[in-house]
Amino acid sequence: MAFVGKKFPNLNVDAMNDMGDTFKVNVLEEAINNKKKVILFWYPKDFTFVCPTELHAFQAALGEFDKRNTIVIGASCDTPEVHFAWLNTPKNNGGIEGVTYPILADSNRNLASALGILDITNEQYNEETGLYTVEGDNVTYRATYIIDENGIVQHEGINNMPIGRNVNEFIRIIDALTHVQEKGEVCPANWEDGKNA
Amino acid sequence: MAFVGKKFPNLNVDAMNDMGDTFKVNVLEEAINNKKKVILFWYPKDFTFVCPTELHAFQAALGEFDKRNTIVIGASCDTPEVHFAWLNTPKNNGGIEGVTYPILADSNRNLASALGILDITNEQYNEETGLYTVEGDNVTYRATYIIDENGIVQHEGINNMPIGRNVNEFIRIIDALTHVQEKGEVCPANWEDGKNA
Amino acid sequence: MAFVGKKFPNLNVDAMNDMGDTFKVNVLEEAINNKKKVILFWYPKDFTFVCPTELHAFQAALGEFDKRNTIVIGASCDTPEVHFAWLNTPKNNGGIEGVTYPILADSNRNLASALGILDITNEQYNEETGLYTVEGDNVTYRATYIIDENGIVQHEGINNMPIGRNVNEFIRIIDALTHVQEKGEVCPANWEDGKNA
Amino acid sequence: MAFVGKKFPNLNVDAMNDMGDTFKVNVLEEAINNKKKVILFWYPKDFTFVCPTELHAFQAALGEFDKRNTIVIGASCDTPEVHFAWLNTPKNNGGIEGVTYPILADSNRNLASALGILDITNEQYNEETGLYTVEGDNVTYRATYIIDENGIVQHEGINNMPIGRNVNEFIRIIDALTHVQEKGEVCPANWEDGKNA
Amino acid sequence: MAFVGKKFPNLNVDAMNDMGDTFKVNVLEEAINNKKKVILFWYPKDFTFVCPTELHAFQAALGEFDKRNTIVIGASCDTPEVHFAWLNTPKNNGGIEGVTYPILADSNRNLASALGILDITNEQYNEETGLYTVEGDNVTYRATYIIDENGIVQHEGINNMPIGRNVNEFIRIIDALTHVQEKGEVCPANWEDGKNA
Amino acid sequence: MAFVGKKFPNLNVDAMNDMGDTFKVNVLEEAINNKKKVILFWYPKDFTFVCPTELHAFQAALGEFDKRNTIVIGASCDTPEVHFAWLNTPKNNGGIEGVTYPILADSNRNLASALGILDITNEQYNEETGLYTVEGDNVTYRATYIIDENGIVQHEGINNMPIGRNVNEFIRIIDALTHVQEKGEVCPANWEDGKNA
Amino acid sequence: MAFVGKKFPNLNVDAMNDMGDTFKVNVLEEAINNKKKVILFWYPKDFTFVCPTELHAFQAALGEFDKRNTIVIGASCDTPEVHFAWLNTPKNNGGIEGVTYPILADSNRNLASALGILDITNEQYNEETGLYTVEGDNVTYRATYIIDENGIVQHEGINNMPIGRNVNEFIRIIDALTHVQEKGEVCPANWEDGKNA
Amino acid sequence: MAFVGKKFPNLNVDAMNDMGDTFKVNVLEEAINNKKKVILFWYPKDFTFVCPTELHAFQAALGEFDKRNTIVIGASCDTPEVHFAWLNTPKNNGGIEGVTYPILADSNRNLASALGILDITNEQYNEETGLYTVEGDNVTYRATYIIDENGIVQHEGINNMPIGRNVNEFIRIIDALTHVQEKGEVCPANWEDGKNA
Amino acid sequence: MAFVGKKFPNLNVDAMNDMGDTFKVNVLEEAINNKKKVILFWYPKDFTFVCPTELHAFQAALGEFDKRNTIVIGASCDTPEVHFAWLNTPKNNGGIEGVTYPILADSNRNLASALGILDITNEQYNEETGLYTVEGDNVTYRATYIIDENGIVQHEGINNMPIGRNVNEFIRIIDALTHVQEKGEVCPANWEDGKNA
Amino acid sequence: MAFVGKKFPNLNVDAMNDMGDTFKVNVLEEAINNKKKVILFWYPKDFTFVCPTELHAFQAALGEFDKRNTIVIGASCDTPEVHFAWLNTPKNNGGIEGVTYPILADSNRNLASALGILDITNEQYNEETGLYTVEGDNVTYRATYIIDENGIVQHEGINNMPIGRNVNEFIRIIDALTHVQEKGEVCPANWEDGKNA
């Protein structure tokens, strides 16, 4: 079921930042309490090769998001300890040193389950052995959520594991959303801020 | 639950084209039987103002999609008769005259329900009156699916009603997918064909 | 189960008129609040060929219905936008330009489902694919309801898709109903106002 | 749920004719086996005043129905014995002497229940007394069914108790149905045979 | 389960008398409110040949029942209109002209169902067609109930359709019941009032 | 539910006769295998005062029943031992010495339960104590069944405890049944063999 | 489940004595209200041969039980009327004339069912015939209960039908119970009052 | 529910003897395979004071049981190891040295549960804590079973914890049972072998 | 499910000590009320050979546990009587004379069931015989629990029957736990008090 | 429920080694197919401080385990990528460089769930929000399993998060197990190889 048009799930999730602080983030409250938009992007796993480029790309665009009153939050199902180890690994070693936005450590999968973005399939119960098993690594696809200042999801997108995202497209969507909010006009296809709607 | 990583639903849906022909389209089979990628995009309603610009934008990019071995299919929950009336309405009257790709007429919502992209909420049964009711227009959000040659969903994205899509971003994703298929390499963030991965 | 002898369902439905206004109509309240009879007629789809003749026939008889304290309401499951486009299409192009009574746009099928007049059959759940499907276009038969000033259904009739209705017969039934209300007499077969009962 | 577009229920029902014969009638098989249309009309009760005029009106039009390859069948929930007594009561005593078509005696309500046209409401179980009760006389509304040569219902109409029917309208519907069958054309509103469709 | 020793069902049933009045009869309240015994006898159908002799026999014995403080009530599942027609049919035409006690018109079978005396069998649901059917005419056997002044059933007897009843036997049972009530003595076999118990 | 019109329950029950023999009786098979009618009469208890007069009255009429091809069977829920003690008690001591027909000893109530003629009421489960209890003595009312040569019940009658039965009435019913069987005629009220039907 | 160590079931049961009085006995209350022990012994049937010797043996020992503050109660599932007939039958005719303790007449089996001592087995439901049946005579085994002054069961014993009981053993058990109550000592095997414990 | 009249449960149970052997005993098979009677007596616990006197009393009477073709088996819910320790404890230390018959060690309570003789009560589930608990020591009452050569229980008796048993009474019952088996006569009360029945 | 990290079950269990006192122990309350740690160790059975060495080993270390503010409690499913007999058996006879800590006598298995440490398997219901059976002796494995002063389980360990435990390891774990409590430091592998963490 | 005495769960789990290979490990098959014992130890999280000391301690003792025919396997719920990153982190940076035994990467928790060793608690469904949530990090306690050559668990132990394990104790248990296997003797408390059992 689409999350677009509905409130983002109201859940507290552990997060880590580059200071090594573990703290709780509630994405819905981040938007509402701060009267900001939020872009939340999930990646499958720490310490893989495609993921750091995405994390660095969001870091590089942090100023653009900030100008657009938008908070950036990353997320995976790794633990805060692993996030911190990766944050301390230099970029040229495949690390994400230099990333300053918070990264959710949803190791108990409370939020990822609610969003339905885990790669597990074939939940099964084996009557003979009494074992429940799933297939898949129990990690998330590359899912992205743009949430408005009221906590309503305005965009959701999911890429399969190997397909990286385009940060500029999310900036375009945020601009379109802002345009709708300010002008009350619907944004047609390929609309970009500064071009005529 | 994400559709990414799974087969697209195996369903026959009515469709209309600019010839006025009503025919059945099975998106999954279109991909597999033609060994082509498919981009399927849903818009809320015929005869509205933001929608035709999206339909024209996809029409304009038809050559680009074709070069990439990709079939374009539009879709809404209007009837074939309404699609045909709109196809016969000139662009400057808010019509989509000139569109040549098929448009699904999912008036029984078999496919839109399976994808979970209808805007209905609050399904309720009133015990006193014995009436089942829903809220919402029972039309779809702006949902887009990129399906590979095996019928597997590789990207899904949903925009809220007023936010138009960017055709170029879908071309980028298709290029990235092709790159992964050909090179076996994961595409990092902001990757574009021709740039270094 | 017959609706005759029972209150018409108490539901608000979107409607469109020739002004392009979208508004809510509650058929039951139309009757009770206005102390009027209501004739509600459903047709399958906008932009088809048999339907406009019915819509024009009701328009032509509007004066007769008005004289009989009767409100005319049309209805289909198309959207208000499609109704408006059709209302703006000239009669000789297959449109219904000139129709002034409101037309329900029951796109979420709340009312059509309650009345049981949708053409869907064979509701099925495919366990293997997890898909629910129906057969049929999910549009209504040619159903007609005559409701009295207390909101009680006094006549219901359903024609299959290709069989048009006879506006005069509905006027006869309304006259018979009025006769019963005024005279307390039962109306025998073939009774017509002005003839002896 | 509408019966239009579906097969008429396949049920044997007792019937009586003016010869005093009790026999079984299966309306569906009457249509299919004889390759005829059937018009089946229900009235509430024998020995009432509005009903005989309807029964006489159908008798008077028997030739017209016959010309149109259509069998006429009457029906109520009275017993064959009561039908026979009424058939032997002169018209000027409120009887139906002279009626020659068969009349269903659906005293066990098998068919009337299947059609949902009984006037019973408020089915209740009183836990204290252990009694099941209904309200209403358990007789039928004035329901009419036009069934084609394949046993498919093409028209159904229900009038409340005091509102008599118009035999000519049913002839018009049968003509329209025949027109569709022969010409493959949809019949527009107010269509009558001999006029231009 | 026997009704003997229990209160008669507390139900209002339509009844007809020779004046043509339709009114409600509650057998239980007839007994209790009038401090009278009641004999209620059911027959299968109006306008049959064995039934009128029973109705006439009870009429002939009305004085005897009255002397014994006993109300006579007849009953079948025909409608009041049919009862009235039969009451207006002369005895030598097979009618029951001259009968003055009320006759229940239990057309909705509320009471006959509660007593379990309908001849329907083989209640069945056909899964393929979705039809519920019963066998039998849905009329009652020749059941008789003698109810005391407190509404308690003291005798119940059921004869199969073709076997007429003996009015004198019911008078004997009422006498025996009165004897028990007055003398506190049990009535032995073949006991008759005036003979030694 | 009436047993009239249905087969008598197919059950073996212990019985005792004046020889002191304990044997099994299957009432249904008695009728069918012997091609005889059966009159089965139940009384509440051995060693009470009203019951022996009934048993003696049936004994006295044994020749009449025999002439009518009818087997007489008595029945109560006492044990065979108690029946035998009562059979050995002289008539003037309240015994039934001289009775020669078999008497069912339905101490396990298999048959009396099937017939629903036990005087138990208010079956209750006390959750606190875990006890199931009933009210009443768990003995039968004065129930009588006349079964034809095919094992079909043609008459059933139940008297409350203190009201004795009339053997002549059962002979009249058997004669009426025989008349129907032989003449195919229905027996009107008060019919008696030798009188004109 | 053992009754030993639990309260005896709290139930009122009909009883008969040699005066011919029918009265209610609640075994539990007999014990508690009278601050007495109770010995309750069940036998299968009145008017059999082994049973009277047991009833006479308990009668003969009545003084011993009385000395031990113990009430004797007999019990079977026969009716009070049968008990009275047996109480009036001389000993040398197989009767129990001379017995003065009360005898329960548990004809509705409320208490015998609660104790689980009926000889019925194989409770079955025959789906074809709709009949529930049991095997066995629905009478009790030779069960004996010794209940203390608080209503707690201290001994329960059940003999199969043909094996008579030993009154002295019950006296020994009552003595042992009294010893435990008075001395607070456990009674070893074969203990008898007056011997050293 | 009584075990008398039914087969003893068919279960293998661990047992210990004075040799220190652990072996399986199936009481039912002991009876049937050896064509012997079995007396099985349960005591609550090893190493208590009343129990050894019972075990010694059965040992002392072993010759008498043997003469009567009867096997003696003791039983408690202690383990074989505990039985062996007790068998090795001298009588004057409260042990059972000298006992030679086998003693069941039903530590898993399979048999004691089947017989319903454990002292546990108030089985409860505490929803808050998720704990199932019982009250009582989960040991058996002093239950005794006499089983015949066909494995049918002929006597069952249960004494509360503090009340010892009388070995002679069991010998009397076995004699009575043998008498019934040999003579086919029922044993009256207080019957003892050698006395006149 | 692990008990570590959760409160120990809140249950009262019988216990025995060397004084022969039977008393209730609630392990959870022992910890909380005394502000002490508890080590609870289960062994399979009294009067076996490996078990006494464990009981003696815990006795020998009692001073060490006391120094560490830790209560020692033993436990098996034998009865208090058996524990007392074993406590009175000299060590060189395989007894545990000299043990002074309390030993739980969980004969009703309330606690052992809650902990899931019983050796029963294959719980089965035999439909034919109606018997529930288990396999295994229904005794516990060698399970050990270390509970902190708040009643939280900090260590649980289970050895199969034949594998004895090492008391020093439990002392090490208690020291590690104390270290964590006092220093707030996590104890690394092989940590021992006095060595550097 | 204890795993001791049962087969270890039969599951394939992803694992990583110091070569960077990802492969599947089935612990049960490792034991059975290699005819080796297995020690499987779980730790909560990679990149924490207490865990590496345990991993290094097992590495240091690898020779001792090997001498005892025992395979060492580590396990956590982190991904293979994270394991590899940690394996490449030098010991003095908190890494586990130098560890050569495989480490399970049970990121989908199939095995940890089966073992019941995850720290999640309070599984809850919020009806208002439709969200399922758990508390805890969804990582494992410090659980250890010693499995014999037949795949049977012989020891299981769980420490709370902050309490490190003692590798020597596991070696002692393995020696004890081997002693039992070879000598058939039970190992008493504190037993160590080379000391006298």
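Each chain carries a letter (A, B, C, D, E, F, G, H, I and J) given by its place in the written order, and its residues are counted from 1.
Definition applied: a contact is a pair of C-beta atoms (placed from the backbone, for glycine too) under 8 Å apart; a residue touches a chain by one contact, two chains touch by 3 or more.
Here the structure is a predicted model, which means the values were calculated and not measured.
Matching the C-alpha atoms of subunit D with those of subunit J calls for a turn of 145 degrees, to the nearest 5. Repeated interface: A-J and one of E-F, C-D or F-G share more than half of their contact pairs by residue number, and that pair is F-G. Inter-chain centre distance (subunit D to subunit E, centres taken as mean C-alpha positions): 33 Å. Each chain gets a centre from the mean of its Cα atoms; for subunit G and subunit H, those two points are 24 Å apart.
Mean C-alpha positions place subunit B and subunit I at a centre distance of 65 Å.
Chain contacts here close into one cycle, and each chain has exactly two touching partners. Beginning the circuit at subunit D and passing next to subunit E, one meets the chains as D, E, F, G, H, I, J, A, B, C, using touch as defined.
Put simply, subunit D touches subunit C in their complex at residues 1-6, 49-50, 53-54, 56-58, 116-117, 119, 121, 141, 143, 152-169, 172-173, 176-177, 180, 185-192.
For subunit H in complex with subunit I, the residues that touch the partner chain are 9-11, 14, 45-48, 77-79, 81-82, 84-86, 89, 107-110, 113-114, 120, 129, 131-139.
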